[in-house]
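Chains here go by letter, A, B, C and D, matching the order in which they are written, and residues are numbered from 1 within each.
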Amino acid sequence: MNAKIRTHSPVWAHGTGKAKEVRERIVAFCAGRDVTSLAPCDEALIHQDISTNEAALLALAKAGVLSKKESRSLARALIDLRGQFESGKFSLDPELEDVHINVEQALRSTVGDAAGRLHSGRSRNDQVACDLRLWHRDRILSHIEETLELLTLWLEQAEVEKGTVLPGFTHHQRAFVTTWGHNLVAYVQAWLRDVERGWGVFERTNRSPIGAAAGFGTSWPLDREWMADLLGFDSVLENSADAVSSRIEVETDIASWMSIWMNHCSLVAQDLVLFSMEEFKWVRLAVEVTTGSSIMPQKRNPDFAEVIKGKASLVHGSLASLLSMAKGQPSGYHRDSQYSKPLGQDLWREVEGVPEVYRLVFGSLKLDRKRMKEATKGGFLEAAEWADSIARESGLPFRDVYTCIGQAVDHCRKTGALTRSAVNDALKKNGFEHRVSAATAKKLASPESLIAGRSTLGSPNPKRVQEQIESFRATVVGWKKKVDRTTKRMERKDRERQREIENLL
Amino acid sequence: MNAKIRTHSPVWAHGTGKAKEVRERIVAFCAGRDVTSLAPCDEALIHQDISTNEAALLALAKAGVLSKKESRSLARALIDLRGQFESGKFSLDPELEDVHINVEQALRSTVGDAAGRLHSGRSRNDQVACDLRLWHRDRILSHIEETLELLTLWLEQAEVEKGTVLPGFTHHQRAFVTTWGHNLVAYVQAWLRDVERGWGVFERTNRSPIGAAAGFGTSWPLDREWMADLLGFDSVLENSADAVSSRIEVETDIASWMSIWMNHCSLVAQDLVLFSMEEFKWVRLAVEVTTGSSIMPQKRNPDFAEVIKGKASLVHGSLASLLSMAKGQPSGYHRDSQYSKPLGQDLWREVEGVPEVYRLVFGSLKLDRKRMKEATKGGFLEAAEWADSIARESGLPFRDVYTCIGQAVDHCRKTGALTRSAVNDALKKNGFEHRVSAATAKKLASPESLIAGRSTLGSPNPKRVQEQIESFRATVVGWKKKVDRTTKRMERKDRERQREIENLL
Amino acid sequence: MNAKIRTHSPVWAHGTGKAKEVRERIVAFCAGRDVTSLAPCDEALIHQDISTNEAALLALAKAGVLSKKESRSLARALIDLRGQFESGKFSLDPELEDVHINVEQALRSTVGDAAGRLHSGRSRNDQVACDLRLWHRDRILSHIEETLELLTLWLEQAEVEKGTVLPGFTHHQRAFVTTWGHNLVAYVQAWLRDVERGWGVFERTNRSPIGAAAGFGTSWPLDREWMADLLGFDSVLENSADAVSSRIEVETDIASWMSIWMNHCSLVAQDLVLFSMEEFKWVRLAVEVTTGSSIMPQKRNPDFAEVIKGKASLVHGSLASLLSMAKGQPSGYHRDSQYSKPLGQDLWREVEGVPEVYRLVFGSLKLDRKRMKEATKGGFLEAAEWADSIARESGLPFRDVYTCIGQAVDHCRKTGALTRSAVNDALKKNGFEHRVSAATAKKLASPESLIAGRSTLGSPNPKRVQEQIESFRATVVGWKKKVDRTTKRMERKDRERQREIENLL
Amino acid sequence: MNAKIRTHSPVWAHGTGKAKEVRERIVAFCAGRDVTSLAPCDEALIHQDISTNEAALLALAKAGVLSKKESRSLARALIDLRGQFESGKFSLDPELEDVHINVEQALRSTVGDAAGRLHSGRSRNDQVACDLRLWHRDRILSHIEETLELLTLWLEQAEVEKGTVLPGFTHHQRAFVTTWGHNLVAYVQAWLRDVERGWGVFERTNRSPIGAAAGFGTSWPLDREWMADLLGFDSVLENSADAVSSRIEVETDIASWMSIWMNHCSLVAQDLVLFSMEEFKWVRLAVEVTTGSSIMPQKRNPDFAEVIKGKASLVHGSLASLLSMAKGQPSGYHRDSQYSKPLGQDLWREVEGVPEVYRLVFGSLKLDRKRMKEATKGGFLEAAEWADSIARESGLPFRDVYTCIGQAVDHCRKTGALTRSAVNDALKKNGFEHRVSAATAKKLASPESLIAGRSTLGSPNPKRVQEQIESFRATVVGWKKKVDRTTKRMERKDRERQREIENLL
């Protein structure tokens, strides 16, 4: 027996196969930074900085700023550098300040002074703005993609569970009968707005600042539109001053979007936290997605859900930092905003695993449908529907019926469910002639028939839920195509640009 | 002499005509809540609540839930109520909790129990969600409209000032020559993204929650799609649970949008604060937009600009509150989120005057073009362009030229401007053969020729600024048409709905 | 039957006597701003502004700046004005900008130009700073007082409930047996830190800025130390620049303090929300502190608790606004910070009722001790204590015992409680010789004996809880005396100052 | 010439000696995370975790839970471990989750099962809470110490510069003559409040949670008071539930304190940013504390000041995260709050260098006293003092004099300074008989005499500034002694505890 393993994960390490994989994924997700170090921010930008240099090389070569010979040697050097980077042989030297100087220096050591000439008309202001936009746009696209996978799963499960009744809550108090399928579709509807929002953020991010130099343009003849196209941007961020000073806006836009999204994530988390409590036991989380305790052998803690709520708070704070940083600045670049880089990267690191984790959690979740259904029988979930039904049948004003039902509820508190006789007594006592028939009472007695009576568009009635599923499924498919098309276009542009570089040889 | 006026506004009350109007507008904008009370939140929602009741009446009448007679008397009562409201005769009774109960009670006092029957299938949860969406969508549209007016003004001024040179800054230090026109276009480019963002918010806001009831639909046969159309919504927020719990998201979405926008506003404010300081005097604010001091007779304080920066912080805090409120909630409505109503309304009250105030400020601003131009001659704004020019002419690597220019700058610190001889000395001292010709030096000597040399798309070169102006002008016009079309559609829907109500008579 | 009452509060209006009073208090607490307007901020400062004027009059009279005659007439005018204000006859004229000009104008209308001379050496900068410090210091003291009342109640209840067992949670999962009394004492311990923090805030608030003028002192011979003393300040905020620019720090300090306190409040709220859910029913909120629903007659919603959580988010956002507002300002007063006034006042309005509401809620709460105790028997709350006990008796390492107990728990999941035989089987299976005796098993079988076994200082063992109660009670009494003494000193200073004014007659 | 150095720091690397050291310190301060990785959080806690284990060993040995033999071998193992750690030979294994398991495992590999027995009665909940409090209390003390060094420097400089006149601002507009010495003393007054606040935070932090176990105490006979004393805590955090759940409050308390402090830091930063602009040139930052530009050879950017403002925003966001995280949690530990660890550590990493950087910056700052003084002659800084003086001499009401001076200011706008004749004309025009004598005018003509006329306590009058300096110097010395005494006590406790461990051998 390995003392090490025995020590630190006494209970929850005994999974195998798929469960083991899942557990490892969950542990990594929850781990945080206790024993993990964070890489330098610019390590994430090496690919992007090489790409930006490629675009610059092509533009300067085309404009004749670089001679054929210089272009050729720079092309060779960039191809080599990319090769080194991709095979893990290029890493950043901390003494060289940032990725831009590191890349420049790597080129210089190969081609000498021509490396300096590659920086004609360029400033670190537009370089970093460009690299970051390239980096973030990829994160955005893949995050939307991950999310759409989760929505697909929820829609599948909603179809299965559209008849699974449980209490719906308002104010943490039981309110109406609803279904698990309807809950899932509610998540989907909210998250689809997040996808919409995210797409807007993508469109605002995928604009090219390159060529703005320090914010005031340059006298070097750079073709900004062509450079933008070479990098797969949708358009040029024309005004050079704004192109540079809007750098922090990219992260702020993302953090705003994520702040709302993370609140949607936190709602799902809180539903799972509540419904898996001993006092509910409506859902049972797979053991491999839960965490044990170092001293309580019985524990199956929903750490992943708590961590997601914590992450929501983290993102809110990052947004607050970003907004505060930019407030009150005059025109021009200011170093205050340098923190947008780690804030933006930390943000993605914290949130990007959430959709996958939810796929693992929902994919392995067990519902206790029996307990859920039993729970619909306490708490007078049917009270409002009795009132509606009587109002409809009798023509009495709802408010009067409401009063009678209220009294009947008070009378039945001990047993926990409305009886026909209690209701009829209350109607009588208040001087109304209408009485509830046995047939009507029967229809109000089962959670399923209560749900079936809910007729409006978008309600938990299984037929209505099915409509929602179909409509949202179509939307999800539409988004998937759009994201896929865009991703492919970016990849094609990458290949094309690299081919152009090869053509310089 | 009126002692009262003399007392409280000794210096800054002597305006007349247009200036007086402007001053009053500015004073009101800056006033805050010192001696102004705030109306109850629901007072703003009376029109919207009557509209929602109209839609409900039409739907319940069509479904046969209400008899012809009931429909007729309710139609009459609603027409009367709207009339009273529009003529200022309807106000809220604080003992009746909220606008919904106030309206219900007003109807009840006219038509009796039918007023209660008008609430079949409705909950305050979907009513308030609906009223608020109607209210906010109008604010959004008119805010965008106001903004577009300002952008139009800035583009006009940019055209006039595209040749007005002044120093451009980075790190609060003079960096490059730029133009006032380019600054203005930078504002426009940023604000156009805000308009884009705002339109996304509008689209997400203009969806109908009505018919979602308490979040679980209803057994009353309400046609949600028709109700949505009657109220001018673009679509139905289908899933009933999300329709209700997304209520706070409307305000959060707006606050996110506004938070970034207000930062753009704060940038303009800070530019004006700086450039109007005694130490700059590049812009001169009209006396009527400034504020005096109670003890310093010489003061012309840019209070409006400071207030705008303060408002930015206010909005950031509101966003933080809204995000924190929703975090960690499980499914269903929770009263925590009731504060979204005052937060959302306060937010609009604080920000909605900003575009108009900027129109007043920029409309009356005086530029001191001479001082601006003089300022371009200190601080070595031309240094980087000398370096670029020499690198281009000589073929030397930029980094080496940079070093020479750096030394020449050090040498010329006393006089404050680069001389050809200092530069040539530095080139010589570093062992380079290239020398700057008199012709080249001349081109680098005037701020206008420096600017004219900036050739890239989006740069401050007046030709490039003109391109930007034309492109943005077309975008502004496009948005104006879109907003106008939408506003008109809303108004038409309002009239149509009211006509349908009249048809019930 | 009153149609009005029937309409808007169908269920929850039937209380009488004490319950009715409580309900009205709760309804007011939850009401928010829907149908309530907010008074102008400066209305709250009239008393303070008159006091500040009194101090100024005394200082100027003593310095001989005002003649005896002027002093006499100003003294008479101030006495009259205070009289009018106290009898409700003085209100603010919105055209006179703020409370300072209103008061000045009121004096001017009585005494003419001498009112102007009363402003020698004074600026609105130090006047408002002074008024606000006076206002906030009173709020702080009375808030601490209210809080101490609540802590007294909790300590009383803790003494009664120190033996009332229920499950303690970590990660929302049952962890260990604890007691209701221990929970209450945990609240007290946290809130006592809040009192400490609040006292620090009081000390920093109760310093006098008066005489700092616009931030640069004055040439008028004002005795700042005497003025501070006349107003009951502890000391003078000496440096005049900081005295003025620290104005926003008062509110920020309060908001920081309150932000943590409100989180403590939100913890209590969430405990009540959870424990009163249908799925728990461990506590039963009195009907008069809950709220009904407009369509669900069965509802007893814990709105007050949700509102408290919402208020926590409000306060957090206010703090964010205040911090962001002050960030990046250079020395000197800036109007950005004017929003500190409404933010500070709104903050108090939102939080000041919380301690009283908790007194009402806890004063009327019913515990279901039976259900609480039953709940200690599921969820293997005893598991860790079995492990501890076996480790202690056997000398085996805790980690090994933990493993055995973990296996026994898995074996007993169906029945929900550990059995001696399952544990002994696990010990055997893992090759350990130790066995749990019947006597030991018995000691681990009851929640009361588990609790009694917890021996450490501060644990839920009733004897230990009693120690905590006694220690905290002494602390509470100590604070009460301190607050009381301070409040009385302030009141005495008020009287003394007014007497000095009378002496001028 | 080294190509590497030439490349990345073309201008600003040529310092030597002290200047070079300063530059390296500044570069490191500004560097951020671009090319720097962050260590795992728990690496910072190794010393603390060993200390906590030492206390536990002593307590368990004393209670007889551990045999003499076990105690001896554990003592030896802990001494070895500390030795390894101090000589850099102990580092964390990421597979072992956290520092606690790493330390436990290191002991286990030496002493076997006894390592497990050392964890009797301990949970990671109280261990981490204890380690963090130990870590933070040291940060707090050394941060206060660093700060007091800076305040000492400012007071020295204030003494030198108490007669150095410059314009004082309100609303970014020149207001009154003030002095650089007065500015510095204003900083000191604000920062002394921060020291006060920090001391309160220290007192609340230096309380011992150890022995609280998972929040519910333990049945192992641990002497919590002794353990607290062994670790240098001031007292025991008695209630075990609060001892554990208040963990996040430590960081929140620190972040609140730091948020206000950082705003004070940002004020100093903004003063330096403004006053070092080309348009002011009142202060000249030493070249070694500024940063150059990659393309503009003339730049001397105040990056350190911008970075400090950015850090302020970072800290504000961290506070928002911490507050939001804790909001709405019920009793008990929840994993949401795990992020308090990196937030708390990042916060210190960001802020702890600020006092030192300000010492370097102020230590090398050059004032341009001539330009400062010249600036006092524009902008009518003397206007209010003319008004005061006339009001005093003439007995006219201030408001009337204010009006006259306002008119005179308008008349003199061209020349930029008030003339006696313009003032006398205005007095005459308004019908007043008083005239300003030549003698009076002379007294108002020099900035020094204006300042000398400012008589109130705390004003910029050099005599008054001297009083402030003396009073604050005494306060600083008092704090230094207190901090020093406390630091020494901690160190003594560390030695004593380690000696007790040696006694076990």
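Criterion: contacts are C-beta pairs under 8 Å (C-beta built on N, C-alpha and C of every residue); 3 or more make two chains touch, one makes a residue touch a chain.
Only a predicted model underlies this, so the values are computations on that prediction, with no experimental measurement involved.
Sharing more than half its contact pairs with A-D, counted by residue number, which one of A-B, B-D or B-C qualifies?
Residue-number overlap above half with A-D among A-B, B-D or B-C: B-C.
Does A-C or B-C have more contacting C-beta pairs?
B-C
Could you grab the centroid distance between subunit B and subunit C? Build each centroid from C-alpha atoms only and quote it in angstrom.
36
CA centre of subunit C versus CA centre of subunit D: separation in Å?
27
When you check subunit A against every other chain, which residues touch at least two of them?
Residues 7, 170-172, 175-176, 213-214, 274, 291, 293, 295-296, 301, 303, 306, 309, 312-313, 316, 319-320, 323-324, 327-328, 334-335, 384, 398-399 of subunit A each touch two or more of the other chains.
Give every residue of subunit A touching subunit C within the complex, in rising order.
Residue positions touching the partner: 6-7, 10-11, 167, 170-176, 273-274, 277-280, 291-293, 295-303, 306, 320, 323-324, 327-328, 375, 378-381, 383-384, 387, 398-399, 402-403, 405-406, 409.
Which stretch or stretches of subunit D touch subunit A in the complex?
3-4, 7-9, 30-42, 92-99, 101-102, 104-105, 108-109, 123-124, 213-214, 291, 293-296, 301, 303, 306-307, 309-314, 316-322, 324-325, 334-339, 341-343
State the interface residues of subunit B toward subunit A in the complex, per the touch definition above.
By the definition above, subunit B touches subunit A via 65, 113-117, 119-121, 125, 168-172, 175-178, 182-183, 185-190, 193, 196-197, 200, 203-204, 211-222, 224-225, 236-243, 245-246, 249, 252-253, 256-257, 259-260, 262-263, 266-267, 269-271, 273-274, 309, 312-313, 316, 319-320, 323-324, 326-335, 384-385, 388-389, 391-392, 396-400, 453-461, 464, 467-468, 471.
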